[in-house]
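The next block holds one structure in the form of structure tokens; read it before the comments.
Going by the order they are written in, the chains are A, B and C; count residues from 1 in each one.
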């Protein structure tokens, strides 16, 4: 049974509401009767195997794709093709490929691109370029051509370009999948800061357990329907869910499962510190001498 | 691969030429071409050469860079020279090499033709060394704008131009990567008849082409996601300022045109 | 027989601005029939090193011994058959597939290396079977496959040529977690069952630690470390510089080692092993 997330702020209009969305591609129904409500400021992670419909889902939100039936409501306004360009300025989208979303000839031009689309005056564009380049540590790289930048630098530029448009919702579609773990951590920290400081609604698609567990809420898709919807720490310990989304159980979870097989039950968790603490508790309860954590 | 091409590269600098509006440089190129077309003798070639050298000095870029830009085309220049030398029979006979004779008239025509070609390339180098490619694109775009009324899709063309400029180095790298991957799988063009070489090149072209298509789709999505809309009005971040120096620069080209016409 | 680098140096010619050595007098000695991992920060020289293994790049100085072949700096000729005996798989290898069906692409390499049609078909069939590609997939065009399938197909295409050493640059990039594990397991099997030397460049220490026999850490064109993964985890300086993360297995083991009086590590501790060790220590 899919777990439902409890909405505390029922009186605030949700940032994004999807009602009975169906998406058909040829004879294949990619999304089947999906309904999701995302309150403003929430960080939602979406997981699912390739073909589960996760990319399709987020592309419906910023209008890159149109639903076959059902309605999409953004900040209380139904999404219609005529207003699509206004909506797009509020919903930032970061793609997986660093090269294929770098439009300008330099970092500076790339950040300016979106702002030119919004018809901002030159001085304001310049201001925003400076602000967001600084925020993402790109100031020295502003006049560089993308061919001279690393993947991580290009993704940072993409972030600067999208954040400069000051969206209220940020969608990251496997933004770190082509990059190394170093950048992944950098990005996670940055997102956490953004989420707290600017109360941005975040939607992140990922295959990485660490990234998925950083979010407040996890929606797992399978074959076009919602398989589960709840807290990452509750969902990511369930073997069948992990398997359905082709996620790999982290080592610490495997350890919990193996311990259970050995007759030691400390529950299940994907949090290493939590598991260690439970083991200490277990050890100190069995030994007359309290054993302190080695960390 | 791309590093071997000198012409088409931008070289940073603060010279007079660097600071000119790209439109004046583009406009002056047209004037320059007109002037060079009028060259038809040693004297007029000399005038053109002096004028070009003055401009090169004004770019504050060492002459060696220009020589490197001309080098790849040296065979073309030599071919043109020899063609003129052997096929023009005016003037006094200077040399007889077996069946062929070299006449002074032919020599002059040959050297002048070579000189004209060299001046063309040199000026193209001046333009590319001192102007960033996207500025050239902007300048072209602004020149083409009046054609909008005739139904020419100026925005589309400008967009195509700037995206090409953005992606040329990236695609070069990709071609190199795919070439290396195929070589690692035994791909070889050596010792093959031309027809076979053409067939085998598909091993390179197919992946590059399909990746280009994929890239184009992704780019379109990315641009739309950032609220881009073809035909909608947009502001412009990069500005081109036409100053007095730009007017003077373009007007200065009347000098060589006049002189060359005079000495024609 | 093995893989040896003797004082190998290489400098990229085109990048006139950066005159630094991409490979700085590298000395390396490795046994074959192993699963070897190369890690390092971007720009440390990993890619450059890989391309020296099959002759794509030629060292400016130094000699490379591969199996029974010797690669000397140009103008010396490359050993015959180098390309075939050392298979190189670049990042996103699916980008190199160009034939109409996967099956034809599997034949491409073997036929290029002058195998007879019969030999090529046999080799392609074996490679496809090993990577789990059935006839249905082989008949499809590359554009019809999932990312995991197409990655396997591209690697099978290199395996089909029958290399003794296979070198892969970030083979699991962009794959989902299950596909990554699957691929690593298959590569490990190539080593164990087929006796091939497998050299992998990756930054994901976590996924390679259970399989690799040796780890090489590169830093600014030099070899900073050669050894076993559990020996590397203590070198936090190298780990930080290379932008790596210590796999959870080692971290947990280290945290539990003193209190549970666990023995010193000499291999990768699987979850089952660690659980058994904890059980033993507690009882």
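By definition in this document, a contact is a pair of C-beta atoms (placed from the backbone, for glycine too) under 8 Å apart; a residue touches a chain by one contact, two chains touch by 3 or more.
Every value quoted in this text rests on a predicted model; they were computed, and no experiment measured them.
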| item | value |
| --- | --- |
| Graph class of chain-chain contacts, one of line, ring, star, complete, other | complete |
| Maximum centroid distance from subunit A, chain identifier (CA atoms) | B |
| Between A-B and B-C, the pair joined by more C-beta contacts | A-B |
| CA centroid of subunit A to CA centroid of subunit C, Å | 30 |
| Whole-Å separation of chain centres (CA-atom averages), subunit A against subunit B | 46 |
| In the complex with subunit A, residue positions of subunit C that touch it | 42, 146-148, 173-174, 176-181, 203-204, 206, 243-245, 247-249, 251-252, 254-260, 271-272, 274-276, 278-279, 282 |
| Residues of subunit C defined as touching subunit B within the complex | 14-16, 51, 54, 56, 83-84, 87-88, 90, 93, 95-98, 108-109, 112-113, 143, 157-158, 161 |
| Of all residues in subunit B, those that touch subunit C in their complex | 3-4, 174, 177-178, 180-188, 202-203, 206-207, 210-211 |
| Contact footprint of subunit A on subunit B as seen in their complex | 132-134, 162-163, 165-166, 169-170, 173, 215, 218-219, 221-229, 232-239 |
| Complex contact set, residues of subunit A against subunit C | 49-51, 96, 150, 177-178, 180-182, 185, 207-209, 246-248, 250-252, 254-255, 257-259, 261-264, 272, 275-276, 279-280, 282-283, 286, 291-295 |
